[in-house]
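Dropping a structure here in structure tokens format, bear with me for questions.
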Amino acid sequence: MQFLSDNAASVHPAVWQAMQDADAPDAPYDGDAWSQRLDGAFADLFGRDCAVLWVATGTAANCLALAAMVPPHGGVICHREAHVETDEGGAPGFYTHGAKLILAEGEGAKLTPESIASVLDAIRPGVHQVQASAVTVTQASEYGRCYSAAEMSEIAAFATAHGLRLHVDGARFANAVAFLGCDPWEACAGADTLSFGFVKNGGLGAEALVFFEPALAQVARLQRKRAGHLQSKGRFLAAQILAMLKGDLWLANARSANAGARELASAAGARLRHPVEANELFLTCTADERAALRAQGFTFYDWGPHAARLITAWNSNPAHIEALARAIAAL
Amino acid sequence: MQFLSDNAASVHPAVWQAMQDADAPDAPYDGDAWSQRLDGAFADLFGRDCAVLWVATGTAANCLALAAMVPPHGGVICHREAHVETDEGGAPGFYTHGAKLILAEGEGAKLTPESIASVLDAIRPGVHQVQASAVTVTQASEYGRCYSAAEMSEIAAFATAHGLRLHVDGARFANAVAFLGCDPWEACAGADTLSFGFVKNGGLGAEALVFFEPALAQVARLQRKRAGHLQSKGRFLAAQILAMLKGDLWLANARSANAGARELASAAGARLRHPVEANELFLTCTADERAALRAQGFTFYDWGPHAARLITAWNSNPAHIEALARAIAAL
Amino acid sequence: MQFLSDNAASVHPAVWQAMQDADAPDAPYDGDAWSQRLDGAFADLFGRDCAVLWVATGTAANCLALAAMVPPHGGVICHREAHVETDEGGAPGFYTHGAKLILAEGEGAKLTPESIASVLDAIRPGVHQVQASAVTVTQASEYGRCYSAAEMSEIAAFATAHGLRLHVDGARFANAVAFLGCDPWEACAGADTLSFGFVKNGGLGAEALVFFEPALAQVARLQRKRAGHLQSKGRFLAAQILAMLKGDLWLANARSANAGARELASAAGARLRHPVEANELFLTCTADERAALRAQGFTFYDWGPHAARLITAWNSNPAHIEALARAIAAL
Amino acid sequence: MQFLSDNAASVHPAVWQAMQDADAPDAPYDGDAWSQRLDGAFADLFGRDCAVLWVATGTAANCLALAAMVPPHGGVICHREAHVETDEGGAPGFYTHGAKLILAEGEGAKLTPESIASVLDAIRPGVHQVQASAVTVTQASEYGRCYSAAEMSEIAAFATAHGLRLHVDGARFANAVAFLGCDPWEACAGADTLSFGFVKNGGLGAEALVFFEPALAQVARLQRKRAGHLQSKGRFLAAQILAMLKGDLWLANARSANAGARELASAAGARLRHPVEANELFLTCTADERAALRAQGFTFYDWGPHAARLITAWNSNPAHIEALARAIAAL
């Protein structure tokens, strides 16, 4: 009974089907019919012009986005616990050729205009300190917290006012939209770029890097090739993404994952360290309690010495969730 | 009737099957059972210890290999027409942080100890000129030419004698082994690293980066993550590769592609600009002749103003090959 | 009456003289007689083999040292307020090709084995988090605090035990040795590399990058050229450094600067925010008090809203120091 | 009797004097009065707005210029024998983060619109091949050949027409202007950036990086710091450059060096491998003949097995030149 992560879950049958439907020779790289449909499909979803590139991983999506927005001598403001800072093996430094991640604070791994301002204010203008060029926020955050439409638009307004580009790391963007119940654009309004994740939500190996500022996409297109991410059979990546968009499968899958998390949250009660909004739970529990859960067949990560992290997926088995909810309640 | 490239051909049914067999949750990244079997599978194939990493593209494989072998201030000797020089969008410069490709000559896009020596001799020792750290050769070459076991071992001996690491770009390594009829190791004997291609040979999106010098693999492992190439559902890449190795499917597919090329070569006769060894043909033909072929439904690339490039694939339709052979003979 | 910084002070007459003595044609770059004497001169000073490179700036010295010790995918532990983190315009990221500065805490901008351990312990092994390869400490620190011989050797022992290289940023190494009254080696014992500063201590534009681990020097030699820091008339840099070493001028100059700072410290009393060990003072004082000092002709930097930073130099005018001491006492 | 290079010659007395005149504390870095005068001084010289940065070496000047003009995924067209390609230890790759030097041919190490066009034409548009962003030419070239005002403006027009930035490596710009007898601007008309060399012409350690396109200068200003080239006592670099400009000392020095070369050229007659325009001579002569010259006390570099390279400097001793001319004539 797996609650380790959504990142290794099974692939949705519709994704498999779409990949196999794409298995006829077509133009290589992104010249094929599937890849060519991406811009339009996301334009429909977001209600505005988009330039969209597929890539295989969220790390590549995030870092190509940052590299398109920040010069090598620049900096990107992110939360101290953002994935780009803590879990991408230095990829942002690689893709941006050494630009600096400038760390900010914020509850629930979320930034606010105030927290961004406080790091900005500490930077002396000039050449001796790295100047910030961009901000990146995570929707939903590392703690499964979501930026409301209002919060997102405040951050976007702040960024614009300070000449900063805005990136949204949406590895779990679907879960955020499912929670917020808003229009997809509202969940990232004002962003220049969005890493729209599908792998954690039923995909196999395809994420969409969405540019709302099309001029940036051309740089990313060149750098995607330069990073060895331009797969020759790119149609299989595009087909995955299109299958996820079709009939809003992405949203249905995310709702399913979120519902599982909510069910667990109800059982966890006061153990919750963060409000559960997306599909991640952080529970206060002792080493003995974690051992007890594992003894019942549940797998999950420790989160420091006093907590556990549990993640539900698009296809988490309802029986497993129910069993885990019972087990948590019984701790 | 497609002869543009093997790089966008269909996926072999056994590869599809293996991917679907892998569609159960397992450890993410390369912690899964499939990924863990790669080292052993290639050790069996090559008869020696190997450390093997999957990556999605040949460009990533080549460049991770080079980055593990050459410091940023170093250089890599390659043929003037090598893929790393001409078709990877500057990826070698990106992965190696600016190391220099040092260009050498050689018939059929193949290097020789003499051609390597001639560029080495021209480098003044010291800090003013970039010093060579490695050599990369392509097996089969950009013109479909193969290094015999003897040629490969001469190059390896030369490299060792001059303190140079050796990489083999084997985007079409299978086609080379199929032509040479040798043991796989003989086709790359002495190499430190091999990019073993599967995408052009029936795979979907997985290449094997093979390290015969295991110490280098650890660097590549870190840099694969840093380059955003560590897919979370890596089991699907490993499964593709294992399916290709099983029962020597890689070799059967390559033999099939090579056979098609040989049939076309017989028809082409004196038009051939290079001996046909793997699955690529370069034919002298006028613009009118090319137009005539295209009018009959054959697709292929021009190769400058006076030639065409034709590539067969593992699944090239025998009827199409026969038709093209007739059409070429009739030009 | 200048107390802004020692970094723009006048050049010592002995340095001028040595430069002019070097003004005859000699071999370019570092092939000249002066440059060739550096290794020996520092070997004498430190009582052990050294490989020494001149460079024009402390930033170049620090970053060439780091680049020789850490791979692009690695990390360097430094204090949150270290110069490499706060004042080098992203140069560490440039020279190391994106390696990460990993920030640690410590009183007086000094690291301890405990503070290093606390950041090390937080890094998960594997490829997802940047692994530390080196530590850099500043002697004297950004707050003018010095590592005692015992503290230095504890840090070195810790670094060795954890497989970390050790760099000492010695922009004010002379001031530290003058304060500690120890043998120069004791002030950096166990370091692999030392940036030994002269520009702030009477030099014009030359720092010594000292390698106690000679194998590292060869990489730095190549990268110094690659960074455009190999001046063709390098003899003028070597001559400056040799002049500073001659008769321990470096130590005399540092003692003079430190003495000035001590005199001011006596006057400052409880206003001191840090013990004064080298030639820097941080004084609690209001905006009005700072305005009052400036009105009397003293120049210095604000240090946030409630403090001032004052720096003495090798040639600070005793009358100015006395005047400032009086002015501070009268606040 | 030294004819090895002008790069290690003595420093002109006026340069020494200017440096010593600058030896009073002033603002650090480039905030001092001398540095602040540079833009105006070059604006006067070139008759147009300039933004000017001092740096210590020609390699740094060239590479900061290129880095301001070309993205990491771009390319710079240069001559196969240009200094950036052959003698800067890979610095262009370092500063540009891996941009590609694209090599073109041309007599006398000079490019022409035709030679630039021939490499441009060979680049397929798209993401697979590195696209050119800039051209760099050397005035005077590695063989001491100068671009006439007409040649320079043809190249500039070609660059503009093809969307390429233009850089002039003027390590010996003074020698070129002295030969051409033209207005300084005519010798680099249309360039976006110029590395104006002084070190080979009587300076100690200062070159001027001139931006005729001021927007580029701001990037270079940030990257100069990032490369560790922002010296804290920058006034000493600015003072050198101002001294060289004063009363056109730069031109007088270059005329002197050129005159020496012309005298030797007259003696060399048919041995000359290139017309002598600046201060470099390339003479066909056997190993025995070179030994004979060396036996008479002349020092110079071999240029391959059948030639010698001789360079005169601003202060080459007239008696030495006369003696060498006689010796050459007597070979």
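Chains here go by letter, A, B, C and D, matching the order in which they are written, and residues are numbered from 1 within each.
In the analysis below, a residue touches a chain if its C-beta (ideal position, glycine included) is under 8 Å from a C-beta of that chain, and two chains touch if they have at least 3 such contacts.
Note that the structure is a prediction, hence the values are computed from the model and not measured.
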Original post:
What is the chain whose Cα centre is as far as it gets from that of chain A?
Top reply: D
**OP:** Check C-D against A-C and say which one is joined by more contacting C-beta pairs.
**Re:** C-D
Subject >> Centre distance in Å when chain B and chain C are each reduced to the mean of their C-alpha atoms >> reply: 50
**OP:** Would you mind pulling out the distance in Å between where the CA atoms of chain A average out and where those of chain C do?
**Re:** 42
Subject >> Centre-of-Cα separation between chain D and chain C, whole angstrom >> reply: 34
Subject >> Interface hub residues of chain A, defined as touching at least two other chains >> reply: 72-73, 88-90, 94, 97-98, 127-128, 222, 225-226, 230
Subject >> Residues of chain A that touch chain C when the two form their complex >> reply: 72-73, 75, 86-90, 93-94, 96-100, 127-130
Subject >> Complex interface listing, chain A residues touching chain D >> reply: 29, 71-73, 97-98, 127-128, 131, 219, 221-226, 230
Original post:
Taking the complex as given, what residues does chain D use to touch chain C?
Top reply: 2, 4-5, 7-11, 16, 20, 23-28, 32, 55-57, 59-61, 63-64, 88-91, 94-95, 199-200, 204-205, 222, 225-233, 235-237
